[in-house]
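This structure is in structure tokens; I'll ask about it shortly.
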Amino acid sequence: MFMHNKRLQYTVRVSEPNPRLACMMMEQFGGADGELAAAMRYFTQGLGEDDMGRKDMLLDIATEELSHLEIIGSIVTMLNKGLKAQLAEGQLKEAELYLMVGSGGASAKEAILFGGGPALCDSAGVPWTASYIDSRGEPTADLRSNIAAEARAKIVYERLIHLTDDPGIKDALGFLMTREIAHQKSFEKALYAIENNFPTGKLPGVERYASMYVNTSQGDGDARGPWNSGDEWDRIDNLDDVMPADQGDGTATVALSAKDQKVAAKLADRTLSDPTSDPTTGADMGAGPGAGRTKNGDMGGTSSIHSPAA
Amino acid sequence: MFMHNKRLQYTVRVSEPNPRLACMMMEQFGGADGELAAAMRYFTQGLGEDDMGRKDMLLDIATEELSHLEIIGSIVTMLNKGLKAQLAEGQLKEAELYLMVGSGGASAKEAILFGGGPALCDSAGVPWTASYIDSRGEPTADLRSNIAAEARAKIVYERLIHLTDDPGIKDALGFLMTREIAHQKSFEKALYAIENNFPTGKLPGVERYASMYVNTSQGDGDARGPWNSGDEWDRIDNLDDVMPADQGDGTATVALSAKDQKVAAKLADRTLSDPTSDPTTGADMGAGPGAGRTKNGDMGGTSSIHSPAA
Amino acid sequence: MFMHNKRLQYTVRVSEPNPRLACMMMEQFGGADGELAAAMRYFTQGLGEDDMGRKDMLLDIATEELSHLEIIGSIVTMLNKGLKAQLAEGQLKEAELYLMVGSGGASAKEAILFGGGPALCDSAGVPWTASYIDSRGEPTADLRSNIAAEARAKIVYERLIHLTDDPGIKDALGFLMTREIAHQKSFEKALYAIENNFPTGKLPGVERYASMYVNTSQGDGDARGPWNSGDEWDRIDNLDDVMPADQGDGTATVALSAKDQKVAAKLADRTLSDPTSDPTTGADMGAGPGAGRTKNGDMGGTSSIHSPAA
Amino acid sequence: MFMHNKRLQYTVRVSEPNPRLACMMMEQFGGADGELAAAMRYFTQGLGEDDMGRKDMLLDIATEELSHLEIIGSIVTMLNKGLKAQLAEGQLKEAELYLMVGSGGASAKEAILFGGGPALCDSAGVPWTASYIDSRGEPTADLRSNIAAEARAKIVYERLIHLTDDPGIKDALGFLMTREIAHQKSFEKALYAIENNFPTGKLPGVERYASMYVNTSQGDGDARGPWNSGDEWDRIDNLDDVMPADQGDGTATVALSAKDQKVAAKLADRTLSDPTSDPTTGADMGAGPGAGRTKNGDMGGTSSIHSPAA
Amino acid sequence: MFMHNKRLQYTVRVSEPNPRLACMMMEQFGGADGELAAAMRYFTQGLGEDDMGRKDMLLDIATEELSHLEIIGSIVTMLNKGLKAQLAEGQLKEAELYLMVGSGGASAKEAILFGGGPALCDSAGVPWTASYIDSRGEPTADLRSNIAAEARAKIVYERLIHLTDDPGIKDALGFLMTREIAHQKSFEKALYAIENNFPTGKLPGVERYASMYVNTSQGDGDARGPWNSGDEWDRIDNLDDVMPADQGDGTATVALSAKDQKVAAKLADRTLSDPTSDPTTGADMGAGPGAGRTKNGDMGGTSSIHSPAA
Amino acid sequence: MFMHNKRLQYTVRVSEPNPRLACMMMEQFGGADGELAAAMRYFTQGLGEDDMGRKDMLLDIATEELSHLEIIGSIVTMLNKGLKAQLAEGQLKEAELYLMVGSGGASAKEAILFGGGPALCDSAGVPWTASYIDSRGEPTADLRSNIAAEARAKIVYERLIHLTDDPGIKDALGFLMTREIAHQKSFEKALYAIENNFPTGKLPGVERYASMYVNTSQGDGDARGPWNSGDEWDRIDNLDDVMPADQGDGTATVALSAKDQKVAAKLADRTLSDPTSDPTTGADMGAGPGAGRTKNGDMGGTSSIHSPAA
């Protein structure tokens, strides 16, 4: 069960309203790596977890992320406070309001739809979606996802810190950013406290494919490193060797019943493409005199596209 | 530039059509951890990457994931082959088609909207979205995200392997699952080939908050482990100590201009809530005689909800 | 700041696992009227609210809704507990797992993607989105939205209660359903504690349009009631009277600069439709002999569509 | 069956093109509380409604909202008329077009993707989604949702009126805003014309939970009002009293079969977290010399984050 | 199986960084008609196609579109290169970064969330979704969809060409735009190489409805053209003639079992609307003294909305 | 302005309730090619169109599609009528309701969330989105999109006709399907009534790229047809010839200012990948004894994945 105290986990002192900065901050309120995503990620994992230690940790951190959601939401609210009142009371002239709102995009939506209240959208005005949450119900995968999520949230806070000079906001963001570092450390410890955590799950994989590195992108820029070379790797530079990897014929087939075969033949026949036809097409009919319809036509020199070379 | 050969990277032998299994397989075609997500994750990272080694690796693996998208899509196509023809030619009776299609959900959509073709939806018929991709343009975050993504994809393949007895599909899925293991290993190597990879980014974090563990979820079930206890952690069990963490007053404030203050006061006045009122409400008016409107009313014993105790 | 205790707000006793029922319960976990929607609706309003009384109420109820999210998530978890273990350990035969999972749709996604953990999706597997939240930063609108949201959540719980005979689940759902009733009552009181709460906002509306009822849907089934008839209404049955309502000419126009006019004329000319042409079209060319191309053609009697009458 | 007349329900006179204002207006065209949402909300309710009076009212208002969609779409079209032609004919210089388009966000999308035509997106360029519609097939819930929806639409129009000085647009918006007031009044009448409209649905709720108010958010700022105090409420300030509310033990349990229990034990064992371990983690390995890896390390004074105190 | 070479299909020379232009270019990277949509549209059709000729063509073009995705993504990357570095290293002042980022919307998201890397979003920051793909598994429909998709992509490139003066970008966009023209031509040929391609599918349609044109929108502006007049059309101007078209009574009915009828009657009774009531409503209670509550009330002359005429 | 008559455009006679069939029908109510998509596609084009003839046609067809939305929605309503009442009154036993609802997916959502009312979702329960609409504000593109949309809608109706034996539903679907054929014909006529309709827009394309066909997918299955061979095509089989097509070096570059270059170098240095390192990774540490960690390890014969062949 959750409880709440109206004091924040970190004091928020904002120097002056700034609706556009508010909009940027929403990235961590309703954005992909924002605090709602973090809280819900750990909360749903915690609910589904049976291991007592991990469950406790997940609920601890989920609860703290809710408190962080409150902090970042409070920053957004403070930054929008002037806009909200001016818009509601309608006492500014159009031009002044315009300046405050910006003239399109997330900032306009923040003002017009949400009236300056903190909305669970990102900095582009895109609503938060649970598609951001990648919990899979397997701790060795989920903990890795959590580690990565904290690493991402950290870097997003870092970018926001670069984007403001307001000392009170910088302070609060510094706290939030640092807590992501701490949470990442906890998840790392929890991952390695599971004895066999790689590979994820139970099935071991087929040995001869587990150390194969396929050099599918070739040409200038090919490189070597510990991720594709050395004793641990069977590096395949000749792509014919894995076309297919199982040494079969590389086709896809299914055994159809006689009934299905018969109907499939009918379908094929009905939609047959005649490779020997030379049909006139709709495009042929619609191509105007200067439209490059014929191969040797002259498109003239008036195109506004630069040609690479005359 | 991409090239393609019509042979698959792994031969696909499907024993018999099965549209419902096809639907499950779509989780790895157009699902959150499916092959399109993988390919696009690494491809967009590769495009944005300047480090020659990582760029090459990302493009190698992105390209291979496209080949995996082709394999899983071919499995879906084979499993749907009978359905597709029967539906297009309309020669089965309603009941037979029904059986084939299932009677709702993703399977119906697969048949009716997509005609049995492989669609970029997941097993519930939800269209793929780039919200699944969590690239952030910072390699120490992105590589962790990639590691996690491979761990997740591995476990999803494992679950699919448990859900079918078709040996040809099991084979192909085993190959695909194993390649996720190999890719995870590559990303791990690449992460640790960056000297200082923790914390992500450039700013170090505020020291005193980086080792703080806040025990926000208390009561029965509280536990200790390396993630919250020991020398590396300042564990806080008394939540008053972090309410707030900065020892301030835990409020959120903003300095408003006189003009904004004045308008904000007008807004507050206009929408004032009168705490001393005792208004009759719409609910009061609409509550029927047996609807529990009054505190001491008798809801009787006919409720179909079980009461916890008589 | 949020805190958590591992005891639930209501004890959950589930009689036996049932993944399909779990799937239905997800409607109130990650669905449109589910507990996350409720919690986030009130939480974001509470953050943006300046009135002390309403702010306190919104945070009280938001926090309680989080505890309800925990209860419904725990029900989902319990219902999936057998599935989760069997799927992870892979010890059931395909047919047994199939039966457990269902064979498509949300239930398959719950199993394959989420491994039986509680996911923030609805009963069809559609991820939760903040599009469900309709807070607008104006209390007289938001409180009405909250009243409606509680009314909706109540009815969804009622339907779920009808769909299960498990007494422990019925009990818990009955508690949750009743709390929606209580919350609706609070929001009603708070709305009517604002003196002038209708119409929403500050602008009064144009008087002669405020009491006009336009009978736009006519024919059999036209009806009268207090919503369109009586002293409070100017009922318009002759639609010509409001075509347009302002007695103008009902067109839309804009004053263009000479420069824009000139370019607009060029555009019109370039894309001119010739109403006197009689073009042969792509459809004409592609229409086969039996395809009903000509107006008087014979489509024969073999169509599988029933004609309404010969 | 629907019919259409090319005259609008209200004459639209726009003073001059303004693509950025067009973008804001889209909030009521393809936005969450826009006219499509309104029309579809009432139309789908009307289709499903059996009560003759309500069905007629819903279809009347749905049809009128379609006419409003046409008005607001015509405003958007007029505001974009210059942009559309200039962009199509490509005769402005880059800088001039830039100025017209804005430089990112919804305005760019409006120009580049939609060519200045009215698109069913909101002011941030987010496509309209039926997630905005909250019809539930129960009139006492749906009418409350409609009342709230009209209240929201009214306030959004009010904000748009504040954002423009164009008298023709202000006029048309004033009409549209006022019609929302009238529609709200109709829905209110229709709600109260149902005798027992509270609580929604059929089940009455469990009496002792229907009047309970749980003060879950405590600390400074706690307040009292008719929504949580007085004779109608059992106010709970001591949260232990509802942890849990049913006086049970507040746990969640399910009765597993012996077979499930055995497998669940295997899963628990395989993913056991060892609370006594002290593992070295990936983060430990990746932490550089200046990265605050150790608890007592010195992060130096060069951080660009302001510390709360020097 | 896919292969990759690090050389692009077209050389990209960008004159200088420009994050806002980058944002616009994203329309063709992760937008509705962008290269990912094109590649995936043809790739999924190719996988499901059995006709050898069409399958080969679809895979050829799908593969080329992936190479185009790489080109447009490289343009985005180059345009963001300065921003990416400055943001990552945090060495610019706030104001300078602001200028670079813009102050809201897609551009802010590009910077803050994606760090300047190419993201699969459109110019408004909306993530790519497979909802953009309209493959239906029937070649005569899919080829028409492909023709339309190429026509759309062509026009979007044309608009982007108008929006930049950078000769290297113009060049590359000109190449990409032209390839859409070529692809449209291929799809046209393939459509007309199917003998009977209209109407789509197998069922011919009911003859008397196939040539009927219903003039549902009447009034000033009614027009005639080959699409609604002439020998091929039965034009219906009197709408009563198609109300309904089948000459029935135009109602919708279903035969209910006795059991269902009985319950439906109970439901109707419970939610009966009383058309003779004259209820006081919530709106009545909440309407303040100056709020136009009564029909003849005086809204005063202080409204900020212009009335059309006194 | 829109008007409505309560008679349908086609009489609907449903033989008996069938909630699962209702769910399938929703594909044409709230699905990608459903009637709302059609109506909104043409309506928004009509609003933005200046050509009188096309505008009239678009509004005619848009209005008719709204009437079709009403027909298909009425079918859904009739099919759900029994379910709706039984669910609302709660008088069936759990098992009976279960049977009616199905046990997951769209059908469950239809019942639980929408109470059997017609919802703007597709057959999988995915909400309708304006992403389905591909209007671009250029008639030669939009008319092609409309032609394709009608072709798609036709085939979806055909599939639904195959899926039911109810004669009344078959009749109504046959009418709706046929109207799509008629509409396609109108759009074809309108496209070819524009003199130069290919290529779309104004810019002609770069001649030498307009007739180039790149054979990017090679190997077994390569085919020839009028879409890639013959006089109109420059067929490129040697991919080196288009790597790149402009004969440049195939790289992407941007000219950076000195200041940007310097910071970019710092970033590169900070995130340098050391290709000569041989780091121990997290995966190395987490790999258990039987997990295939070493290249020559023995994974044993107990894997449940079939190996292709020893």
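For this structure, a couple of remarks:
We call the chains A, B, C, D, E and F, going by the order they appear; numbering starts again at 1 in every chain.
Methods note: a contact is a pair of C-beta atoms (placed from the backbone, for glycine too) under 8 Å apart; a residue touches a chain by one contact, two chains touch by 3 or more.
As the structure is a prediction and not an experimental result, all values here were calculated from the model.
The chains touching subunit A as well as subunit E are B, C, D, F.
With centres defined by CA atoms alone, the chain at the far end from subunit D is F.
Where subunit A touches subunit C, over half of the residue numbers in use are shared by the two copies, so each contributes mostly the same positions. Distance from the centre of subunit C peaks at A, each centre being the average of the chain's Cα atoms.
A rotation of 120° superposes the C-alpha trace of subunit B on that of subunit C, rounded to the nearest 5.
Centroid to centroid, with C-alpha atoms defining each point, subunit A and subunit B lie 10 Å apart. Taking each chain's centre as the mean of its C-alpha atoms, subunit A lies 21 Å from subunit F. Residue positions of subunit F with contacts to 2 or more other chains are 1-9, 32-33, 53, 56, 59-60, 62-64, 67, 74, 77, 84, 88-90, 104-106, 113, 115, 121, 124-127, 129, 131, 136, 138, 140, 147, 155-156, 158, 161-162, 171, 174, 177, 181, 184-185, 189-196, 198-199, 201-203, 205-206, 210-211, 216-217, 221-226, 232, 242-244, 246, 248, 250, 264, 267, 270, 273-275, 277, 279-285, 292, 303-305, 307-308.
If each chain is drawn as a node and touching chains are joined, the picture has every node linked to every other. For subunit D in complex with subunit F, the touching residues are 1-9, 30, 36, 40, 43-45, 47-48, 56, 59-60, 62-64, 66-67, 69-70, 73-74, 76-77, 84, 88-90, 113-121, 127-131, 133, 135-138, 201-203, 279-282, 285. Residue ranges on subunit D touching subunit C, taken from their complex, read 5-17, 32-33, 52-53, 55-57, 59-64, 67, 71, 74-75, 77-79, 81-82, 84-86, 88-89, 91, 129, 131-132, 134, 136, 138, 140-141, 144-145, 147-149, 151-152, 154-156, 158, 161, 171, 174-175, 177-179, 181-182, 184-187, 189-190, 192-193, 198-203, 205-206, 209-217, 221-228, 232, 242-246, 248-257, 260, 263-264, 266-267, 270. Contact residues of subunit E toward subunit D in the complex are 20, 23-24, 27, 31-33, 90, 102, 104-107, 122-126, 155-156, 158-165, 216-222, 239, 242-244, 250, 264, 267-268, 270-275, 277, 279-284, 292, 303-308.
Residue ranges on subunit D touching subunit E, taken from their complex, read 1-7, 50-51, 53-54, 87, 90, 92-94, 97-98, 101, 103-106, 108-109, 111-113, 115, 121, 124-127, 138-140, 147, 161-162, 167, 170-171, 173-174, 177, 181, 184-185, 188-196, 202, 304. Put simply, subunit C touches subunit E in their complex at residues 140, 191-192, 194-199, 203-207, 210-211, 223-226, 230-232, 234, 246-248, 273-275, 277-279, 282-283, 285-293, 295, 297, 299, 303-305, 307-308.
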